[in-house]
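Please read the structure below before turning to the comments.
As written, the chain order gives the labels A, B and C, with residue 1 at the start of each chain.
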Amino acid sequence: MYYKSNSRNHCPSKINTYNVNARFIAPNPPCSFNPNSVYPTIDSTAYIGTFSSIIGDVTIQKNVFIASNVSIRADEGSPFYIGSDTNIQDGVILHGLANRSVKNNNKEYSIYIGKHVSCAHGCIIHGPCKIGNNVFIGFNAIVFNAIIGDDCYISTNALVTDGVIIGPNRFIPYGAIIDTQEKADRLIPVPKEKSEFAQEVLHVNAEFPCAYSLMFGSLKCKCGLACNSRTI
Amino acid sequence: MYYKSNSRNHCPSKINTYNVNARFIAPNPPCSFNPNSVYPTIDSTAYIGTFSSIIGDVTIQKNVFIASNVSIRADEGSPFYIGSDTNIQDGVILHGLANRSVKNNNKEYSIYIGKHVSCAHGCIIHGPCKIGNNVFIGFNAIVFNAIIGDDCYISTNALVTDGVIIGPNRFIPYGAIIDTQEKADRLIPVPKEKSEFAQEVLHVNAEFPCAYSLMFGSLKCKCGLACNSRTI
Amino acid sequence: MYYKSNSRNHCPSKINTYNVNARFIAPNPPCSFNPNSVYPTIDSTAYIGTFSSIIGDVTIQKNVFIASNVSIRADEGSPFYIGSDTNIQDGVILHGLANRSVKNNNKEYSIYIGKHVSCAHGCIIHGPCKIGNNVFIGFNAIVFNAIIGDDCYISTNALVTDGVIIGPNRFIPYGAIIDTQEKADRLIPVPKEKSEFAQEVLHVNAEFPCAYSLMFGSLKCKCGLACNSRTI
């Protein structure tokens, strides 16, 4: 056994305390519903933050930023795809149901996330689901069993679920529960100030993958500053 | 001091980056309201996921699956009990108030969770509370100071609190706030499709403890595949 | 590259499993919007819990308790200040927008949190924001772009945002969305039982920093028990 479990009132001789930039990138364990063990495919320009884990058949494209305490776990629904220049903020969870999928270009995914997407702190993206390009997903929002069109803005605490399809450029207000297609069809276009906010978030996060890799990874830029176009 | 704290603009000589399957299983520190330091009791068939911590008098029964970034912290309210074949998904938090308890078979607990329970991603279970058998607790749902009967289904974002007692087989809709007994008493039975969904979740999670232990733990099955009945 | 990323179906020879009290305390990486890399300033009586990270210009005062899986990330908005005797529970996230600030005593902050504040499990505090003294912030509550007066009580799942200013001693109910000043101005005073609950939470958390440091840190009290006034 890898930990002591049978003795009560057992005080371990010494538990060491470390200051460490740890993450866990590993293949999924084989299961009856997902028998192939696949190691994640992570572009070398992406950054994986501290205490985050990436498990299984997950493709992470160029310049993706993944913050701290993120769990991306393709052990049940699989594969996952995360497009370039997308950011996944602290505490975000990606997981998917077995045997359920969405399509992108005739390939099946448990979770497909386009490029230039912001998944803000604490949101849950649960497959089957597809998120288009340039989508903003707010704090603690939940997307599960849904298709989200390009340029949508999902506000804080919203829930989008039960098979709804959200057209492009739709705005989902704070805490809204979009669980029928009728509700989905009545959503208004994204207000201009929300689009601008989403663009600012992307702009800021574009610098992070390189800046963090420079600081904590073993990859080094020659420029000595954060940049988006590394040549190494 | 175990970290440098007084110098600003201090760049540590080198912070190492590791790919590591780390978890923290430890006794609670003695406090005036909880003076006994107790090491968790974890069945050898349970799996504790990456970057999760289990602190204090926590009993974890057979084939429990605990995913990533989970905090189970029996340092204030104590003890906690987690029944067999229960799953605790990513980002879930278990904690309890001091000096408040629930009873199960005449024994007092801060948190008692039965068997075959699913605690979905991001939910918070805060003692005092008791969760019966076969309960499903949805994404980001919160149960605090409540008793949940067997076979209940608590949907995404629901809040159950303020001392309510939920009878068996009750269904709590998305985002519902059940904070009076009057509201609790008006809940409808669990719809058939929700019961079936909860069963599927249990079915899938039954394979994970062994599959993950095989892949990342030091316990090995002889079968070479995930199984629920290990003989080691 | 610091991890293998190009081979699919690659099974790493061995990923080690550790029982470890890890946290990550580090300077922010320099970026165009936040070019100075600053190491956190953490009082030696504070405790930083397992799998939590503190990045950048963050000042943490005396006897602050930070639980597990917390992310305090001053890489964009900066600096952050956390007053003495404040507790930050499991899964809490602190982050701030670039180029937006609040003032305290004529100094600008991305996030300013006073003393004797409780940030309960799963809440998100996003700058620009200022939290007064003796504030209680409930489970999964969100404060973003807001000023919260002293002695306020923000209940579970509430959202306070869009530039509102909450006067002192205001009570925000479960799940309330306070996104206009008009709503903010209609809030009632904090009920007595809620104030008392907030005081109990502070009382309990006052023991944790020392108790945890004794158990897991390298600092040792001479008294051998948890105490708030260490002389080392």
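The rule is short, and it goes like this: a contact is a pair of C-beta atoms (placed from the backbone, for glycine too) under 8 Å apart; a residue touches a chain by one contact, two chains touch by 3 or more.
Remember, it's a predicted structure, so these values are computed and weren't measured experimentally.
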Homomeric contact chain A-chain B: same or different residue positions, threshold half: different
Degree value of the rotation bringing chain A onto chain C, based on Cα positions, nearest 5: 120
Chain A and chain B: spacing of chain centres that average the CA atoms, whole Å: 23
Multi-chain contact residues (two or more partners), chain A: 2-3, 12, 15, 17, 19-22, 24-27, 37, 51, 69, 91, 122, 140, 157, 175, 216-218
Residues of chain A defined as touching chain C within the complex: 2-3, 12, 15-22, 24-27, 36-44, 48-51, 57, 67-69, 89-91, 121-122, 139-140, 156-157, 174-175, 200, 204, 207-208, 211-212, 214-219, 225-226
Footprint of chain C on chain B - complex, ascending: 1-12, 15, 17, 19-27, 29-33, 37, 51-53, 69, 71, 73, 75-76, 91, 93, 95, 97-98, 122, 124, 126, 140, 142, 144, 157, 159, 161, 175, 177, 179, 216-218
